[in-house]
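Just below is one structure, and these are the notes that go with it.
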């Protein structure tokens, strides 16, 4: 929330003045992808990115933990949203992959790309784009989610939101946190796979023991962090399509982010997906905006540039 | 609304007792298609069919114009909804075509199939299924709609809702009523085509002169009637994705239906699409349910079976 | 809407200062009855009276037609709401009858009692109370309603909202306006009864011819006017449980009120029922408040007291 | 959530295919009772059962704790809802008692009947029906609730929701958990009664010590479990009429269920009541559906049939 | 609604590509003023401008009446919103006047400035800014409004929304259309003033006779058109703070606009105010966007530049 | 919630009968101040006081901790709301100060004044009024809040909600609890000021250590307690304009209240502000009402009058 003159700041993440939102100097870029097509139950993720940007304009720039106004120091550029409404899921995934790879290899380009969903299916495109942009040999993914999303196919599609994690696994190993909804088939696959590690919600509830494992998993790696907001507890994140009881608290979520940002070699891209804003209920939008800002802050400031 | 005993009637259109909803003897069948994928702006048509069925349970069975309890006389069977959520638009259109053709040529089969949408794209499938089921040589279509929907392609897809009418034109000639939103390209196409006749909303407002033309168009034909509810005025039909001012009144809508039912040789199938229910606002759901019931009533009773 | 000092006016109809709301001198009293029990579909009439009072505080006191600030001239007292939530329908009807008779025969007592519902069932109690308070020999009732409500019994109860008009008929003859939903049994009853006259919505649409009949019906009589708000068109009155298309306009509604107020010998009581407020949609609440105020104005000022 | 073909599964709990929902072989039956009449404040419990069924269609069949797809193994039949809208509370209670006794002694009959409310008053009918169906000599009841509901009468009715627990006490001893709202009269009654044991919310907050007492209470008994959802904390269960702070968490609720299912001789019937769905807020509906499924799972699988 | 590539168009009125939204060549500019402070009843006008811009992105560019894609021909630039939230009404009015005068006399500058409110109070600032920018000798104002807004002061403030028209009268003569709510004091003032002409809603209902008077009033003048959306009928414009029955239809509104655009010497600025969007109800937002676009179209194209 | 006769209790806090709400004998008074003007993001605090009063009518009078029906013992008078809608923030603050001082020094006067907001800005007026009424030499303030609100000026105003705490500091020292949003400038000011002590939310999360400090701060003092409801966690208090994750639980909030009521010499006034009710979501309103009642109870009963 910047304190403005007669006119409001432009419509961008954090409501930054134009010089701080200039792509040529912003170290973080925001890519909104308001895609929604395969949702089963609650709808509205197409409105998620706009709600996060709107809420971000109320977020305080000063971060007490880092003792600085991060947004002003690093600069954040907000891209126009991807307009993929009319594409089928597989065409959308390919388009997202192209857009992500284009940003990560373009010039100017950001140190960190924050993708805002839209439904979880877009993460398959993000992972592919990342693999395409960078050598993928040390790429790993960390997922916060209520659902395993490990189906290879769902109702005839390999690109349903129920397959999001499986498509990421096509690209790199995966560490899942907060899962509490898994099908028989997914459970069987999971047990037989060495590439996926699942920390169930009851494991999270038992304490932070799993954080050591997570640290080992990401240490020295290039990490793709994907947060399906339904991984958080419905008491603080009501605005998701299938809110499952027994999710992560705000504190537990930040602990995961801190471990990733501290131990990873780099975090070139992350996404925050599945916000389906509920008119009148501002808390979830605000929490999502604050989470995105906190990840940007911990990722870019921890690297010692201050 | 049937007056019940200790238990409520089953979950079907009109809340009919099981014997009146038996597919073996029902002359009308309801096919709900809660498909939504390509919507631009307002969302929620996936909830349309369920809302119409819910509202229909409050509709009075007795029709004063026809002086009978139509639902009890003709019987209405409600099918399970088509589950197409995860399909791409073209796969969905093909699936709808198959389902419609299957119903119209199966045994038992209804005299009249009422399709409930879902977005307008499904009408392309309904038209194809109808053409496949019947010899199409005398098939014509009548469309109530705020939008011409005559694009040949929209954002790379031939099966967007913006192309719904064009896809019907692939099958048969078309008479459009209530249009008040048309692109430059559509207008040019329309002027150059002998197969499409468009009655704009200002023509409707000038009075019922166009009804004679409509009567000539449908007389002795097999008619597919497709009603995009945004053709009606937003004052009585708020629950649509793009509510355009200056639409048809309830009375004007029924006049169109009466002409079609009176003059057509047969009306094997119609659809009512694009209801996107607004929680708490019952009027649009109720109007849509009453409209569906009225079309069934005028189509099946006018044939003189009483 | 009175222009206030430091503190807002008390919580009463029109937001009148205490001296104008004093029961000892107010010529009109408001009796809120937030009763709701037998509703089938849309719920919320229990919130109707409070919403009407809230909206009335925004209504302009000055009436241009009557060229005075009616509320300030006549005074309006707002009673505490009847607390009948936990009663069965028949106990509620008896309690309402007692309360209405008590007000009409008490001291001080108003010239005009305006009852705010709550569901239509309360009108049975109002009619009984009125008959009890006054000699009923010249009592007649006028009803604006989408439904005939002429069932003698509905799902085992004689006091369902679907029986509201039939219970009034137990007390006096009835003139119904705007009906467009009637069951086969009600239609048969209606045709056979000399005590009920029904003006259907299509008769209203044809023009104001029925107003002459209405004038003859009420001329010189003591009239009970009961307005089920679903008699109005859903485009201007969305906040009812079963909104039926093709209802009365604001102008048509006022025409009925004007005839009643001009021709009746007296209008000791009227009710406005079935408002089920929709959060965020102020129009229906405001219209209902304005209608109540207009009836009070036309009833009390026409008598020439100015 | 079963993975479907072209058509969606029928409208039943869990969205099971017809063979798994067949009453002749389903071990659990669902009885929806959308009754609402005496509510004081927030309304909408009449929509509770339909919302639970709708949400259940998104619940994952696989239960990791029990390592099987419970719904597919035991079968669940969903009855048509009881249609009691127009009855007074005492007539409703008698009708519910008759329906419950009818199911429990009929043929075919389920091992477990799950009743979905509707307001808490229905539990009085469930308890009576259970006592009528079975010898009641070893019957006990366990109640999760924010309110003691121990009034003998409330505003003239013995069958208000504020009397729900008192009416159960007429039938058998009662163990209450989570109470945090009690009147002076109820507190006095409770202290003087040996048949009711109340665990207040602060006792629950102190830890699971009360679970031993609960185990002793239900051990070897036939148990009626009644869950008023307002017993849960408003942070996870917002959709109730009077949400009281300081309620049970999801984990605490499941602990109670586990003790009951493990220690009781049998659990022939339970109810989950007072869900008043909030449009747009899916979490409470989903939690309620998952809770119902979990109770069915723990009750039927623990008996060692696998 | 422009058909886009991979990325959506920028966040501007009509969703125009950047070259068409460039201030250096756009003939129309949009100035959003989301100010809300003195509202009495319904709130939310601070969200009006953003809702109009969002809806405008769905408006079809092609205008059949003018037979061209107006937005593409004239270009429309959307300014950042004025950020006046924390100012008192009089400071806000001065700031708006400064901003409007600045735009009208700046370089580059638009031929037509469209101001989007926000509450009606802003119109006082717009009128002042216009008078400051241009010689005011031939300036007149046309107001569509349900309320006379002619109070000189309201609850101690000269800049309440209830004084909006009076403040415009400080600057120039005024023609009011659609008024149906006026206080005794306003009525007295109006009758005594030669500078204000009021066409009440019943005059509008009687037919288009007043349009001749309007034509005479604006002919050859520089006109400020101010549209309080509550002047329109609540059936088509529900999203206002005090929706009064008996307002203008869409057709009547356009007739006023056509007369103004045809007869005026110039229309340098207009405003559309008091939209208080209702979440989920798209019709009013869409109508407002279409109205703004239509005024721009008729104002800029009628001048014969094509 | 008092159990009533035929008519509901008057519209006051707790729904008390008139004799218990008589200002001449009530020991606590409620002053509603529905002022909202400077809000940035979520709106609606103008509806807060009415929602708290409405919810309070469902609160159980009996307090188990204090073992009495507090409301009946002490009496609570509810004043008409202050009508300040049209004033600028500084005029409003002065009016509130006058009203508060008037109540505290008037006759009859309450022992405890509970102010219901409205936006936090009103607290500046409350503090001034209190200082004016009493010798301020031992006055201290305790604030529960997510925001430091220590700006000296915000967008040109010294009376924005972002300055609420700074304006209290003008009057007396301040102890803040639950802060988790602070600007760089506020943090710098805070570190340099000996008059303000801030307990951040992470300090609260670490346990109740800060309660000792709080006890020392208030011991023997005259305390003004100001609770911005956004200090509580969004999971239990969603209905605020800027819901920040990581707030106080219900239990933590009551611990603060208990320390204040136990250790202070007196608590002449407190306020509970920033409730922006969300239609349909009753929990926050109910929690706020219960909190107000609990503070009244602990403040008036602890003094040993029983």
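Per-chain residue numbering starts at 1, and chain names A, B, C, D, E and F are given in the order in which the chains are listed.
As a working rule, contacts are C-beta pairs under 8 Å (C-beta built on N, C-alpha and C of every residue); 3 or more make two chains touch, one makes a residue touch a chain.
Predicted model only: the values in this text are computed from it and were never measured.
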Those chains that touch subunit F and also touch subunit A are D, E
Interface with more contacting C-beta pairs, comparing A-D to A-B: A-D
Mind checking the rotation angle between the two copies, subunit A and subunit C? C-alpha superposition, nearest 5 degrees is fine. 180
Which chain's centre, taken as the mean of its Cα atoms, is farthest from the centre of subunit C? A
At the interface of subunit B with subunit C, does the proportion of residue numbers present on both copies reach over half, so same, or stay under half, so different? different
Could you grab the centroid distance between subunit B and subunit D? Build each centroid from C-alpha atoms only and quote it in angstrom. 41
Contacts with 2+ other chains: residues of subunit E: 4, 40, 83, 154-155, 233, 235, 238, 279-281
Following the definition at the start, I'd like every touching pair of chains, please. A-B, A-D, A-E, A-F, B-C, B-D, B-E, C-D, C-E, C-F, D-F, E-F
Interface residues, subunit A side, partner subunit F - complex: 1, 3-4, 55, 57-58, 60-62, 64, 68-69, 233, 235-236, 238, 250-251, 280-283, 286-287, 290
Of all residues in subunit A, those that touch subunit B in their complex: 36-40, 43-44, 46, 83, 85-91, 154-157, 160
Contact residues on subunit E for subunit A in the complex? 4-11, 79-84, 95, 98-99, 279-280
Considering the complex alone, what residue numbers of subunit C touch subunit B? 40-42, 154-155, 181-184, 187, 200, 205, 233-235, 238, 241-246, 278-279, 281
